[in-house]
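Next come two complexes, and both contain subunit A; in the first it sits with subunit B, in the second with subunit C.
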Partner chain A sequence: MSLRNTARAWPTLLRVGFAEAVAYRAEMFIWVLATTMPLVMLALWSTVAREAPIGRYGETEFTAYFLATFVVRQLTGSWVFYDMNFAVRNGTLAMRLLRPVHPLWTYAAEALAAMPLRLVVSLPVAIIALVVVGSRGITHDPVLWGMWGASVIGAWLITLLVNLLIGCASFYIESSLKLMDAWLVFFFVLSGYIIPIDLFPAGLRAIVAWLPFRFQIGFPVEVMTGAHDRAGALALLGGQWLWVLAGFVATALAWRGGLRRFAAYGG
Partner chain B sequence: MTWTSSPLRYLRLLRTQVRASLLLGLQYRVDFILDGLTGLFWTASAILPLVVVFRSRPTIAGWSFGEALMVTGWFTFLEGVLEGAVNPSLSEVVEHIRKGTFDFVLLKPADAQFLISTARLQPWRATNVLTAGALFAWGFHLLGRVPTPRSLAAAAVATAAAIAVLYSLKTLAVSAAFFVVRVDNLAHLFDAVFDAARWPAPIFRGVVRIVFTFVIPLALMTTYPAQALLGTLPARTLAFAVAGAASSLMVSRMVWTAAIARYTSAGG
Partner chain C sequence: MIRVRALRKRFDVHERSPGVAAAFRSLFRRRTRPVLAVDGIDLDIAPGERVGFLGPNGAGKTTTLKILSGLLHPTSGEVHVDGHEPRRREDAFLKKIMLVLGQKQQLLWDLPASETFELNRAVYDVPRAEYEATLRELYDLLELRELVNKPARTLSLGERMKCELAAALIHRPCVLFLDEPTIGLDVTTQATVRDFVKRYNERSGATLILTSHDMGDVEQLCPRVVLIDHGKLVYDGALDRLVARTRPDKRIVLRFARPVDARDLAHLGSLVQHDAGQSVLQVHKDAVNAVVGHALAQLPVSDLLVESAPLEEVMSELFKRGRSGPGDRPGADMSDEAGEASR
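Our next item is the complex of A and B:
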């Protein structure tokens, strides 16, 4: 399982993953439809904002915010946990362990390989957003766009690592599915997915600032819609990548400990 | 052997099935805490936007905070029904089809839809009913009144219609599993749309509103029972809801029958 082996296998893994994503494109399309929550939220908030703006959000700002949320979710979403949980439960993880590449790397490759199709889906929405909102709702600063790119990668990594970490929890506990459910609840509420974080009551906002959730959705969206200046965005980017690092360490440890407990049944 | 020809037998069968899943549920007592907590957080996630909105103004689209809480209460209640009684049973169908074990269901001397729909219950999801009750109490406390017996009766009828529609839609989604095998996503899609039912329907406008009234009748599911409880639901609307529920049950039954006719076992 050397790094060289991984580096050599990686392009092939990506190609296979991409072929798989294309093969299941209908599934992917339904998944995209299932993530239209931001658009539903947009319907609610724009009704509210039509009467009077809330905080700094008028109708235009809400539209920009939630279309950006849709794009960011498409680019960072991950469901590796379900594959991994299934593989641990029915023992097919054993087959992945036999390959000369670390299973976590193959999972990461599969997740990454779905990206081109996701881009195809989210690009039209991004363009519609630009046409509807005009260029007012979105940042013009190229440096901020660069940071946006970094923040999306960070958000993708956090989401992937959380998936893998809770996947590793399947080694230890039986109800890791419930654990994922619990994580998802927090994610939906506290990430800025359904309410922009700056609309939270002050006490809650202070707590949320320290949690990883807002770095999964809210932070890239805020950068995209120009809510932060360069210095503010850079500080938050640092915080985000600290969470990435923490997730990486935690996943590596959980995997190492969990694998010892793994017993493949059947044959 | 349909349930109309031997209703008693089906009642007995229902009792056995419910008992089996209750016993199964009692084995996983930790789930009680986890499900209960997750349910509470989901409810909190439904209320938080309301709190944020109503902090800045007394009404939206004609609904006050107390009234909107009624809708959230019914949403919580129906979510409990959906995840405690409808989803677990119907998601088993998908598994059966994939593995080809649906044969065993069809071979049993009872109606397949009945067997499948009553196969799995998650008793711990009943915590949602308690949460919903608390939300109603909170809402009525804010409104400073209590529901009349008449509005309670209307709410009961509207809820029955809501559950019928919910069940029919879910049955339609599962029937799709006979045509396209990988249907787990379709169930997710339904749940995602259902999420929008947590707010009063008048909040939505334009195309979205038409879709949510006629295509996926979210208004019927949560807004009508809430209005019934508040005593503001016109009798005609209630009659329309009951008629809609009855016809959706019929359609879903027809589609289900057509779908299982297409079933060709797997393997052999």
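Our next item is the complex of A and C:
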């Protein structure tokens, strides 16, 4: 598959993907409402911190952290594994394979095309965050904001690649839904989604530093809330993009091997 | 255009007996059985040919089509389609072919068919002017104008198949694979689809390979048929020759000016159908002239027709032979012909 061909088709893929996301708009909004866990955690931790700060987190810091978590989650979420798992199992992947655009690019386009609708939800929350916590809980450094942008792209890519990789697992184990369930258990606990990572015990924090979960949520949130200086953020950004690279390689290998096993069941 | 040599495809199929105990056992030990879906097929198809793949369910027809279109990797053997190895799925190859699966859809389910057409225009890189000319032609031939702005999920089966065909032809493929294209369609839509496919072949010179259990599709579209059974090619040649060899008998349809008693017909041949105004006799092809002469001389015949046995019956007989044992496969007496045709 040539990249030139894919690049040429990309704007149409995005436009059609957006049209599909809009077709499911009611479902989309319900799904967005279902991802309000950070807001629940915000209420919980803010109440606890009212008595005394926990680590570096007072009430304001917790508010900033979990509103940032909500925004980052909205900007980086992806569920393409579900479509892919279904397509491999019932053979409809065949219709994507017949087109001269790599199916993984089409899945990526569909994930990206849902972004404008997510922005509609996350932008007001970002504005509310700014009003509620003032400028204290958020970094003022434009360089860190630049790194935040790169970290959100990295987080989105890791999440997308994990989805594609688990989708590819369907070639080998027929259904990969439970694999995603297992991944999500670790993701929720170890990504900083429900507890900031710097509140983990030191031993666990050291382990988490070597895993990809933090780079999906915690790291961009930490950059946004000013938890790192430029040098620290840059080092972590390097680590995050190494995971992106590893994800690309693993997904490409799983796809290539998986296609040989694809049985194109049905009709 | 298409060259296939010693093509084999093996699937390892997971098997398990029913019941909880078997389900539990399969957690620890999976039993698989190798199934040879395609077993040493040789085939050559020239540009512009219309070829029908025939065979009972599970014979290997669709598997062969999927290998030819690059969806499945062959276990062994050689496959070339217009100089490309399909399993590589190069852009240049994918732009030349299309596979329409009657039981799968490429239309975007929640969007109007026009969105799928536009998507295909982009991914196949069809110039805008050419795309619009193709669409105008497809809209007219398939009467699509009223349909293309409705979400695909709201279309009837027949309407959807017409839109599927249009989506498949946006890039004007030079090889078209059709797997059960008329399955579930009403008689009128079947006729529209067949007529359209035939016209596309005649106008564009595209090669057409079709699998169908509807013998009407095969009769009207495919001068050449390839019979596949148990993964093996057992006949490759003209459809009428296959019919003549399988059922050398002919049917004589007699219409009478006044009622005729069945006993007056019994000595002429095997009576397949009889009512007051019409009878159908089955006779050996060499006896047709004699029987017709006798009937015209002795019976009040007002109309007469000589025809071959219906293709459905011929196929049914062939497939039954195949199921009766390995030594009596469909077309077993035609293996020389298959070899001849594929060379």
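Keep in mind that, in the parts below, the second predicted complex is superposed on the first by the 265 of 267 C-alpha atoms of A that agree within 3 Å, B and C clash if a C-alpha of one lies under 4 Å from a C-alpha of the other, contacts with A are read in each partner's own complex, and residues count from 1 in each chain.
In the analysis below, a residue touches a chain if its C-beta (ideal position, glycine included) is under 8 Å from a C-beta of that chain, and two chains touch if they have at least 3 such contacts.
This structure is a prediction, so every number in the text was calculated from the model and none was measured.
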| item | value |
| --- | --- |
| Touched partner set for A:263, first subunit B, second subunit C, both or neither | second |
| Touching partner for A:20 - first (subunit B), second (subunit C), both, neither | second |
| Touching partner for A:91 - first (subunit B), second (subunit C), both, neither | second |
| Contacts of A:119 with subunit B and subunit C, given as first, second, both or neither | neither |
| Partner chain(s) touched by A:54 [first = subunit B, second = subunit C, both, neither] | first |
| Which of subunit B and subunit C A:100 touches, first, second, both or neither | second |
| Subunit B versus subunit C as contact partner of A:207, first or second or both or neither | neither |
| First (subunit B), second (subunit C), both or neither touched by A:37 | first |
| Subunit B versus subunit C as contact partner of A:7, first or second or both or neither | neither |
| Shared contact residues on subunit A - subunit B and subunit C | 24 |
| Of all residues in subunit A, those that touch subunit C in their complex | 1-2, 5, 8-9, 11-13, 16, 19-20, 23-24, 91-92, 94-95, 97-101, 259-260, 262-264, 266-267 |
| Subunit B partner contacts - residues on subunit A that touch it in the complex | 24, 26-27, 30-31, 33-37, 40-41, 43-44, 47-48, 51-52, 54, 175, 178, 181-182, 185-186, 188-189, 194-195, 199-201 |
| Parts of subunit B lying in touch with subunit A, wherever the complex brings them together | 28, 30-31, 34-35, 37-38, 41-42, 44-45, 48-49, 51-53, 55-57, 60-61, 180, 182, 185-186, 188-189, 191-193, 195-196, 199, 203-205, 208 |
| Residue numbers on subunit C that touch subunit A, as the complex places them | 11, 62, 66, 69-73, 89, 91, 94-95, 97-99, 101-106, 108, 110-111, 115, 118-125, 151, 179-180 |
